Amino acid sequence: MNPIITGFAKGIERFGIEPSRVCVASDIPFEPEVVSHLGIDFFHTTRGRSIAFGTGLKLANPTLRVVLFVGDLMTLGGNHFVHAGRRNMELLVICVNNFVYGKIGGQPTPSTPITFSPYATFEEPFNVPHLANSCGAVYTARWTALHTDELTISMTEALGKQGFSVIEVLSPGPNYYKGIKEIESNLIDFYFENSVIKNGEDPRNVGISPEGKIVVGKFTDKERPTFIDSYNTQLTKVLGDKFIPYGGKNG
Amino acid sequence: MMKANPKGILSGTHNLSGSEACVEGALAAGCRFFSGYPIQPAIEIMQRFLARAPQVGATFIQMEDEISAIAALLGAVWTGKKGVTATSGPGFSLMMENLGLGVMLETPCVIVNVQRAGPSTGIPNRPGQGDMMQARWGSHGDYEIIALSPSSPQEMFDFTIKAFNLSERYRVPVALMSDEYVAHLREKVVISPASEIKLEPRRYYEGPKDKYLPFKRDEDFVPRMVDIGNGYKFHVTGLTHDERGYPIMSEECQEFNVHSIVRKIRRHADRIFEVQEAETDDAEIVIVSYGVTSRVALKAMEQARESGMRVGSLKLITVWPFPEKRVAELAKKVKAFLVPEMNYGQIVFEVERCSYGNANIVFIPYGEKEVDDPDDLLSAIKQAIREKKPRKGIIEYNK
Amino acid sequence: MGSLKTIESKEVHPMDNLLRMDRIPHIWCPGCGIGLAVSAFANALEKAKIDLNKVCIVSGIGCTGRVAGYVKLDSFHTTHGRAIPFATGIKLGNPKLKVVVFSGDGDLISIGGNHFIHAARRNIDMLVICVNNFIYAMTGGQVAPTTPLAAYATTSPYGCVEPPFNIPYIADSSGAVYVARWTALHIRRLTNSMAEALNKTGFSVVEVISPCATYYSRINRLGDGLDMMKFYHDNSEIRHWEDTKNLDIGFQTKITVGKFVDRERPTYNESYNKWLSGIRGAQDEG
Amino acid sequence: MNPITNGSLGLGVLKMKADPRDVNTGVYYIDGDVAAGQGALAAGCKFIGGYPITPSTEAAEAFARIAPQAGAMFIQMEDELASIAAVVGASWAGVKSMTITSGPGFSLMMESIGFGAMLETPFVLLNIQRAGPSTGVPTKTGQADMMQSRWGSHGDYEIIVISPDSPQEMFDYTIKAFNLAERYRCPVMVMADECVGHMTEKVAIPPADEIEVEPRRFYDGKINEYLPFRPGEDLVPRMAKAGDGHKLYITGLIHDERGYPIKNEEYKSTYTKRLVDKIRLNKEKIIELIEEETDDAEVVVVSYGISSRVAVKGIEKAREKGIKVGSLRLITVWPFPDAKIAELAKTVKAFVVPEINYGQIVFEVERCSYGEANVVLVPHGGGGVHNPDDMFDAIEYASKEKKRIEGTIEYKTRLEKSVFEEGGKLQE
């Protein structure tokens, strides 16, 4: 987690947004000290609901910059993910992925690693950038937690994007690996060493499979009207003067 | 009743945690399907099942959330498998909608809830008993359900089998309301030989194929089942339906359908409910408890008896249906009921209701101390004995 | 419905053994396309030559959700959005069955969107028939995640502001092995597609664009069911193997139909069995 | 809106009037769902997240039509899980928010209701009950989610539930629900039903200056000293909103006053206790009842929602026959008026409880009467309302029964007899 938060903090600083306008909703609890250091508002939501929660925050106060940290491979929140993408809600989703566990050291044995695996290894994982792209995200990128510079650049760029942006970060999740320090450090190195940067690659080709390299990079960067934009456009068109455009200074 | 299939039964004496015992119980009961989603502190049940699945040829799936876990479970049960899912507080809340579907389709299945401290995310790795009322009332609409509450790994094993038997017998989802403490507690568990484990077979329909009515009730008021894929071509729906399973949107059908679902359990409540009593014959104080708190209750009772206080214990094995009659009977004899719970008052309201003002009710809420410390209970017993006048309402014990 | 007598007639319609004639008449409005989809499905069942006793159909909630009640197979009408996980359970409980999920766009893509993408990712062997009428019809014409931009619905009284889902694209990108789209007009091609998909192993999706004369076309003043059919006739373009990302549907724009994806991937059951035998092998060695 | 947030001021001062821009003053002929939408608007609600479900959709549709002109937002989310999560989020962004649903959607919302209660988030949930369980009869009425509203989420929490019985009350009590939610910083549920939701009646919307609105009780102290969960007056903490530099840390885990998660059991027992106590100790201020002729009554009809309107017929008939009947209508069903029932139980012979379910609130009445009065349940499975004759018969029976009977006496309705005993045919 830590390299990601560092990247995030640097992103906020470089982009130059007032931290108090940044609001993080997350499935993963942050350390209180970290939040206080970042100077943001932080909401630890129920599992999987952070994107829906963030949608509420953003719509009720469009001046906020809402960032979501999503763990658990979006399993519970997959639906909120695809729909927020479709609406092009102005949210930045940082998807912390730790799923390739079964890959290291070959196949798992029934007694040990699989029990730690958040995902049974006989299932194929999502290709997150492709899914995000196909449901309409305007920005998708993937990095490992060790690509610190690239991650910071991506965070800075994505904070400035108008629309649904997704950054997938491959990183061992602390919850599943408690007490197995050895694996944790190995895994993160494994990701880094096996990755290859291919900016602008078609997201459909960046699926992660047990064979081959992990493709990282920035895959999507496009423009689409956000939810609030199209809301205002459509309603002004229909209602004319009677409509109070949404998302003014005070929401 | 029939005997269990020896395949998959680890007969003998083991040192198992509650979670492991639960899985062994499920396998002994012939359960061959598990669908779940990882959640603390129910994760061990899932892991154990996954580890045991290859050995017994069981099917396991980790779904995308708890909603789909229970939906998949219901689907699997209709193929003829016995199935189980395990979860905890937040997951249990997500299952509520499809628990209602299970009730409406009268699908036998077992839902293990390893209760943790709530509400919301609460404390994921600490025990609680805050979902007891939810088990009975958590889904919308009227229904009745069976809930069991084990207090030890041995009971996790036994009650899991009992839960499967009850669910097959009455065609109703059964909730096994365990808690983090029991699920993680490691104790001796005796697994009897298969020949001594009695199982309730599924109540299959045995008539001509074209005459099958999925919701026609037999003499016990329970409808008969068939498996998918055998040419019965039946239809079932979550809408209010008649005997054929076809939806009819009328108040008569609603009365027929839903009242039958409620009656099915209420009519057999006396047969379903089970309590364990200890020294209630001459007791002036009776501790009503369930699950892990009953361990403390028994300890407190013994200590109190040693110092000459006439204390008895009523341990609820089935929390739902609630043993109304037994509590009402006891209320007339005793001075007070003591109800320790790891929540801020749930089952105590039921005890209050069923004692009809005949006994004082003392409630001991979520303790600050470890669950197995009987001190609070002992001093509450002393207080209750000292109390001379009958008092209405729940007296909350002050530490 | 329940009190209606079974229609007694000496003549037997060829569909009679596939439909629950004691449930007819059905609840769908005149001009609706769901009946056509059901009829195509019934024909496809015959065409696919599979044992009808081993086919089971699961529906969710909504107009299309009622399909399960009219098809004479083992049929389940489940809760809103949960048809796919329910069907997953059936498939895993008894892998010999052919499971068909027949439901609407709101049910499968809105509330059940998560189950949809996850079942596709797992490649659970089932056929999903998604009738897309661009609106929530059963509840009275609310905006759906498939409602085209600027189209009207009761909960978007000033025009829909959200871009719609492109169902084949989302199915494709989450891993479906067979994806096709037809309108309710393309009965023959639809039947062929369904028959083909019934014999396909893996997560297959057939999207059926269907008119909703009562809500979608009435609110948007598009005429009745027949007018919509006419529109489909004039504006559908058959383009097989088109890249799924180009399949967006706008408000009264061209609709691209065809078969877009047909590939092979190991199903969940296959991977699971492989995993099981791997473990069994390991245990035997140990 | 300009809430007065000076902590030193008393409660009375905190009350303010509705914003005239949000109030469509006038007399209308509208249904309950639409009235609830108007009520929400008048109460200052600026955000509704919903998902279509019969029979609650009209309320969402009504709000969707009026929202854009009032600077409010209506969004139809992808499911009920998302709707309620968005509503909790919107509330923390500083606006009053509401969600609308019915039975199955209500069940899906259970997890996040606990989340809302844990975060002490003010929001309103409108549940237009239909006949259940599961899909049941979507288009017809029921009252079987009453216990669910109190106990449906896991863990211990307390909640406020209001049950209106007419479109006018849908308007009035939606406003009251917002006021209570803001006052006690907790989710408040308006448990209406299909009958009330679809009933069209006269609804008078008063001028804005006659509508009392409770503004959000924002924290107004120094920025770095804000503690989101420090109990203030009546155990209720002050609220802040996201984006004001408070560096909020809000979690559904058990937390301390700062909002930081703690894993100390000891603290839990005091912290979550407050969630419960905040409502239990303020019970008398929250409870609203309508009591009629209970002084010398021998039978009291305890009812809520639509059942109370049907009960009136039975009560009138009984009075004509000389039976002394009183009526106790629960406006707030939760917290339950324990003390009031216990007090009445001493003087009356029996309670008659009509409910459109097979026994929910009747068990509470039974509990609180401590065996001092008989308790008669007039059940109805839903899909319609009671037959007033049943109501009368039950009252008559209750007034004649001499024996004290333990437990709830289930009155056998005409409907039940016709379905189960007389071999009645099930008809559409």
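As written, the chain order gives the labels A, B, C and D, with residue 1 at the start of each chain.
The criterion applied here is as follows: a contact is a pair of C-beta atoms (placed from the backbone, for glycine too) under 8 Å apart; a residue touches a chain by one contact, two chains touch by 3 or more.
What you see is a predicted model, and the numbers here were worked out from it, not measured in a lab.
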{"item": "Both-way neighbours, i.e. chains that touch chain D and touch chain B", "value": "A, C"}
{"item": "Which of A-C and C-D has more C-beta contact pairs", "value": "A-C"}
{"item": "Euclidean distance of C-alpha centroids - chain A vs chain B, Å", "value": "40"}
{"item": "Distance from the mean Cα position of chain C to that of chain A, given in whole angstrom", "value": "31"}
{"item": "Chain centre separation (chain A, chain D; CA means) in Å", "value": "38"}
{"item": "Junction residues of chain C - those touching two or more other chains", "value": "1-3, 77, 79, 110-111, 113-114, 118, 145, 158, 268, 272, 279, 283"}
{"item": "Two or more partner chains touched - positions in chain D", "value": "68, 78-79, 81, 104, 111, 115, 134-135, 251-253, 426-428"}
{"item": "Contacts with two or more other chains, residues of chain B listed in rising order", "value": "54, 60-61, 64-65, 67, 90, 97, 100-101, 105, 120-121, 237-239, 242, 248, 250, 253"}
{"item": "Touch-based graph of the chains, sorted into line, ring, star, complete or other", "value": "complete"}
{"item": "Partner chain C, residues of chain A touching it in the complex", "value": "75-79, 82-83, 86-88, 107, 109-110, 120-127, 130-131, 133-136, 204, 224, 227, 230-231, 233-235, 237-239, 243"}
{"item": "Interfacial residue positions of chain C with respect to chain A in the complex", "value": "110-114, 117-118, 121-123, 145, 149-150, 158-166, 169-170, 172-175, 244-245, 265, 268, 271-272, 274-275, 278-279, 282-283"}
{"item": "Residue ranges of chain D touching chain C (in the complex, touch as defined)", "value": "50-54, 57, 60-61, 64-65, 68, 74, 76, 78-80, 104, 134-135, 425-428"}
{"item": "Chain D-touching residues of chain C, taken from the complex the two chains share", "value": "1-3, 61, 77, 79-81, 106, 110-111, 113, 136, 138-140, 142-143, 145, 154-158"}
{"item": "Complex contact set, residues of chain B against chain A", "value": "37-39, 47, 50-51, 54, 60-62, 64-65, 90, 120-121"}
